[in-house]
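Before I ask anything, let me first share the structure, which is written out below as structure tokens.
Read from first to last, the chains carry the letters A, B, C, D and E; within each, the first residue is number 1.
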Amino acid sequence: EDATKPAGYGHRLEQVRDRGKILCADNTELVAWSWIDEDGKNRGFGPDYCRAYAAAVFGDATDDNWEIVNITFAERPTVMQSGEIDVMTIANTWTAHREVHWGNFVDIVHYAGLGVISSKDSGIVPNDWQTLDGTTGCTGAGTNYVQMAADMESEYGITFELALYEIGGVRDAYDAGRCDFVLTGSDGTGSFVRQLTRSTPDDHNIWTSVFGKDPWAMLVPHGDDQWFDLIRMVGWILVNAEELGVTQDNVEDMFANSPSVKVQRLLGAEGTWGQDRLQIADDVAVNIIKEVGNFGEIIHRYYSAEAEEKGWGFYRERGPDNLYLRGGLMYVPENT
Amino acid sequence: MAQTGDKANGQGHEERNGIIVVRELHKWFGDFHVLRGISMEIYEGEKMVIFGPSGSGKSTFIRTLNRLEEHQRGDIFVDGIELSADIRNIDAIRSEIGMVFQSFNLFPHLTVIDNITLAPMLVRHLSKDDAGTLAMQYLERVGIPEQAAKYPGQLSGGQQQRVAIARALAMQPKIMMFDEPTSALDPEMIKEVLDVMVELAESGMTMIVVTHEMGFARQVADRMVMFDEGKVVEIGTPKEVLEHPRHERTKQFLAQILT
Amino acid sequence: MADRASVTGVADVADQVRPPVASTGPLGWVRANLLDTWYNALLTLGVLVALYYLVRGFGGWVLLTAEWAVLTQNLQVLLVGQYPDEEIWRAGAVMLALPFVLGLGWSVWPGFCRRLAISLAVAAPLVAALPVEFASLAAGFRVYLLLNTVLVGAGWLLGRSTVFGSARSVLATWLVLFLGGLVFLRGFAASEALPFVGTKQWGGLMVTLLLSQAGIVISFPLGILFALGRRSSMAFVRVACVAYIEVLRGTPILALLFVTQVLLPLLLPDWMDMDRLTRGLVALILNNSAYMAENVRGGLQSVPSGQLEAARALGMRVHHITARIVLPQALRNVLPAIVGQFIILFKDTAVISLLGLLDFLGTANAILSGRQQWFNAEIEMFLFVAAVYWVFTYAMTSVSRAIERSMSKGVG
Amino acid sequence: MPAPVQGDLRSRVETHSSVPLWRNIYVLRAVTQIAAALLIVGLIGFLLNNLFVNAEKRGVDLGFGFLSLRASIKISNAAIPYSPDNSYFYAFLVGVVHTLRATLLGIVLATILGVLVGVARLSHNWLVQKIFAVYIGAIRNVPLIVSCYFFYFGLVLRMPITKEAVHLPGPIFLSNRGVYTIWGEPTASFGTWLLIVLAAVIAGYFVRRALRNRETRTGMPSYPNLAALALLAVGGVAGWLALAGGGEPPLLPSIPVLKGTNFRGGMRMTPEYFALVACLTVYIATYIGEIVRGAIQSIPRGQLEAARAVGLSEIHVLRYIVIPQALRIIVPPTIGQYINLTKGSSLAIVVGYADIYVVTRNIIEQSGSSAPMFLLIIATYLLIAAVYSLIGNLYNRSVQIVER
Amino acid sequence: MAQTGDKANGQGHEERNGIIVVRELHKWFGDFHVLRGISMEIYEGEKMVIFGPSGSGKSTFIRTLNRLEEHQRGDIFVDGIELSADIRNIDAIRSEIGMVFQSFNLFPHLTVIDNITLAPMLVRHLSKDDAGTLAMQYLERVGIPEQAAKYPGQLSGGQQQRVAIARALAMQPKIMMFDEPTSALDPEMIKEVLDVMVELAESGMTMIVVTHEMGFARQVADRMVMFDEGKVVEIGTPKEVLEHPRHERTKQFLAQILT
């Protein structure tokens, strides 16, 4: 049967179908991105993507056909190497080293720089890297921020103390005054600290200046082009749906009634952009969007005033992760 | 006393077949030569008493007979079976020979009745009921049927040793070996155990007894053997050995223990 | 007698002499135990003052300051993790095995289990009567708590009246309920009534309890094997067992957990994939069986060689001697140490939370980090977590102590 | 007659009936031995084979070559000089040093606290006895990891921030950034002063020995320890004064001063270090306490009575009778607890202390080489445990009570 | 036998000063009244043997004399020093009284010679050499100078007890107390220890001996005291007490132990 497969196509999809379940590696410590609610359900940006993948493979996402495999940040390389999970949805910074050693990163879902949130008490001047000298910072253990902090010191000729914690600990430590600043994604997405900046906005400075790039992307194991393409297509569908105004609520209606060729092509009326080759349903986009909505809806679910109200996340400006057509960087090819 | 007729001619057994035949037996512990060429024949129904100074190899000798110790040279035949590397022979010989130890060695975690029935059930594959009946029979024989449900720790030393005898008998061996069965006991208890042994002897069982109870030996033994430094120094009827020992060493030793 | 009393003349008087008041009664007790020297009096005073402030501060905090909502709101997750809502009755049913077995145990080992069983039977209704809202757990939860009491009683009655009333059958019942419970929790892919629920969705206290029981069930016989191996006459087996035991005892459980989590998939062929929970269990078992082996070895050494000889002289085979003569005595001799090892295993299960597994502690951590609402509830949460671990460990410790006491009394 | 080799098959040649192989106990033994060996070797081979095959398949590097690459990770408050330019291996060594530093301090403190607990449990004072019983019961029955969480997040982080640091005389400052104390900053003359002190130590040693000899010779109390200490003090102070008079003193006081949100100068113990040592100490001390109590209780009363009856004072009873005998019982299990403490220190990750394990995790995150790193980590812990066991065995051998 | 002249008039010491004077001594263990008003005077050089049934308070009595037990009522004077809460007096009295225990209580971690020299060096501030010489002197006196370098664990019971006596003597006490010094010993060993005690008695030492060795008592004691239920039942010369006991209780008890 291998002979019928194009070079580079592997068995991951068959495995997932046989198993009846897609395994997504994530953890449960990041507000908005991934957590467990009072009913024991996995929620957040990462789990939504996992559900989208499940809908793509199985037609819909049930409680049984997707699973968040809870890992720690430090386990990421080894989990990828062992190949035991299908896709990693954990908040993952894309770096060259990781691309080579861990697996194939899919398109970026979140743009940030390595930024700083500092407390006003500390005397640190926002956007002035020199003033970090002699202060104390906190960041997540086992993340690439630990390396970037070293780079930052040598770049600016400063030294600071850096305390490392699991993600939840970063927020606790900063809140308690153990550190003066937090190294994190430049919009605070990467840490709970953003939360504090909402409840006590006057106490913190969110820097606009960044130290390098901090793009987040989903990740699949090396060696299976079919699987890589499938995962990647799901991301494109989500973004294109937002561009075309297809939402969770109107997707059925649009599928049935939309006169737009572009919409029809996305939703699979034509079935021509390669669904057969990926062995997924023609109307895969309908299934996905019914399940999780479009990209904008997912963002809204976790990064909006309503989300903050509900305790599901927090409000932030939609910046580079806005659509290209609206001045952002979310730029994906057409489904043609 | 059915067997007492034998006593007079303790050495006149040549016409009979030895149930135990030992030839030129040697054993070393490391470099230490414990048994230095022992040859001996023990006849069916015979009571043989072994005595001698401490460390002379008495225990080692009888323990080689049922392979609790391995010998390095010489032959042992028990009831016609050769004690060799053949595992079947070893098993066969062990179930021919019952053994009673100085320190009783009852299984402390089992009741008296379980102590006795365990081996018949596991080795002879008796049913639990059959083994139980058998056990009670032997317990009665040693005079303590009422203790069946107790644990060894609840019994006196004498009672424990009697249970040990019953346990050995329950395997229905042809030969019984006793290694100083009374030396860990208080005087009154010694008597109760010796009584059981005398009774057993009278029933015709072949018995090898390591003991320094000379009264018992005189009453029961067909022959007596004196061990010294891993060799047989003297062998003969109790009368010969006790009253007219031929060897200086025997005289000395008897003088010591008879005071 | 009369003339004896008059010998010394003073004896009559002596009979009426009472001990100095200050050395008996409550006053005497206080004097002897709290104030017997000036520095002890000072110490007593200091301790009392410190105690007063401690109790006042802590008590005030518990009753007034603390926000216990983090517990009541998340109780279900803390207890059973992500087990699906509609199937949660299965988790509940399985956890009821504990009171039942405890009740059975009570009737068989009144010395060890009675206090535990009664404590549970009394505590459950008390918790049910607490004036708090158990958020996502329905009102049925209070009934469920009462069921605990009922089952303790049921177990006790059953143990007293029927064939269940022996140590062996209690252990067998527990084993059957435990293994059956695992199957029951897991369910079957094809089943309508018991749909499949993967271990990934198991969590919370339930997982901690299951893990420790599985750890005990597996590492105990393994430990016996390694102990026997360490005393084997076969040099190769002996060396291998020594190496196993020493390496695994010397490695921290956390490192071992990471190794099984990360390296086990590399060490096993593709067709033998294990889920993360099982891999965590493997680490616990590796570590624990090594310790268990050392405990059992101590027991084996305490069995006199005469026992073996007697059994051999009776014609018993090696496996019978080991199973029926040596092991029962060896294990009995080191029973307290073995129970002690179970306690250590139970406590060690908490470390798997560092591998991202959602056991009791892991679930607690996940709750604290996942929602802003609970960000500042660490102290409440960790106190609760500590208290729960404490209750279970304390129960096991008291069993161990009761066993030790009864052994020192020499009860067969 | 020389002993034949045990189990020598040749000595069986004399046997009369030949034994079939499958019943020959010597053959059976040899066969099981070989089978067991094959089984074990096979199992190990199987696992190793899988490892190599899987590693190849997944592109996992099993070599140790990466250890010499640039670490490029940041380790704050390193106990030995470290920069991201150092190699991975050196970074690992930093972790080892951190582990040793925490465990050695923990061992010292746990021993002190443990002895205190043990003695308090034997106190005549009922209240003291009970309170320590409660302490032991509370700590021991809760997993160490839970205690560590509680210590760090519940207690240490909730200490005041640096601006509101608790100021104790010394000066000592307590805050959630650690404990800062005054410290000496060595100057150019520090080396000279050290030499003077060393000379005083040597002189003190000889004086002490001489006085001790005198004491045993004449029986007159001669206070050898006191004299030696006095000599040391005099030497130290005189040297200091002389050097200070001739220029700068050997040590300049370095006082912690709050600058911004951190203290500068002085000596600091980080809150992570503190929390780790504290939770390990408090936990292990309960075990050492019970060991000490058991040991003291196991000394027969008769020993104390005999010692009192010959007129020894309570101090002497303790010093010459109780302690020497109790130590023999205390040391071996206490060494076991030291090993437990060392292993427990791997929970440093909970409090954010950069021990072997934490550094290793960062190295793995960076390099992806998990298998070699874990081999290293396990070897390190085994080595530490082996050293402790060795010390314990040597001690044991040296104090073994002689019996018949 | 320098002191034997006293024996005849066991109760005629009133003109002499008691080196130990006990008046109306009471002691309770909790609520249990162990010593119920004991009054007694022991004179310099006197040998007093105390006997009586088990649990009658003999050990407790002599242990109160050197404050191993605290008494609650009554007075004790030793060599003119009152035994009170004053720690100095306690220390003084303890160095006046040597004590030998039933179970030897040697210090197992010290060699024989160190066992003996420890207290003289610490309490009497003897030099190591002086203490050593003294120790060897007493070791010779008890007949085992050659064992000086061994550890207690390497000695037989009798030898250990003799070391214990030497240890007590090395503090050069005026009074020696023995609490059943031979009851943990085998028969031959009893003799070697009693010999040492007899020799000591002959040297004129004041001795209080709790023992049931009536042979020893008859040979050595000036007076004997019978304890029962915490009271002195009978006191007198060995002849009086052993041959003409006045009290029923004494007769009973003697009848028991003399068989």
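Everything that follows uses one rule, which is that a residue touches a chain if its C-beta (ideal position, glycine included) is under 8 Å from a C-beta of that chain, and two chains touch if they have at least 3 such contacts.
What you are looking at is a predicted structure, and each value in this text was computed from that prediction instead of being measured.
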Any chain that touches subunit D and subunit A: C
Shortest path length from subunit B to subunit D (each step joins two touching chains): 1
Residual chain groupings, excluding subunit E and keeping positions: one piece
Inter-copy rotation, subunit B to subunit E, in degrees (Cα atoms; steps of 5): 170
Far-end chain from subunit A, centres as C-alpha averages: E
Centre-of-Cα separation between subunit E and subunit C, whole angstrom: 54
Chain centre separation (subunit A, subunit E; CA means) in Å: 89
Cα-centroid distance, subunit B relative to subunit C, in whole angstrom: 50
Residues within subunit A bordering two or more other chains: 78, 81-83, 166, 172
Residue list for subunit E, restricted to those that touch at least two other chains: none
Contacts with two or more other chains, residues of subunit C listed in rising order: 262, 265-266, 354, 378
Subunit B residues touching subunit D - in the complex, by the definition given at the top: 26, 28, 30-31, 33, 36, 70, 72-73, 75, 82, 84-88, 90
Of all residues in subunit D, those that touch subunit C in their complex: 29, 32-33, 36-37, 40, 47, 50-51, 54-55, 58, 60, 123-128, 131, 137-138, 140-147, 149-150, 153-154, 339, 343-347, 349-350, 357, 370-371, 374, 377-378, 381-382, 385-386
Residue ranges of subunit C touching subunit D (in the complex, touch as defined): 32-34, 36-37, 40, 43-44, 47-48, 51, 233-237, 240, 246-247, 249-255, 258-259, 262-263, 265-270, 347-348, 350-351, 353-354, 361, 378-379, 382-383, 385-386, 389-390, 393-394, 397
Residues of subunit D touching subunit B in the complex: 1, 3-4, 6-8, 11-12, 14-17, 19-20, 23-28
Subunit E partner contacts - residues on subunit D that touch it in the complex: 216-221, 300, 302-303, 305-313, 316, 320-321, 324-325, 328, 399, 401-404
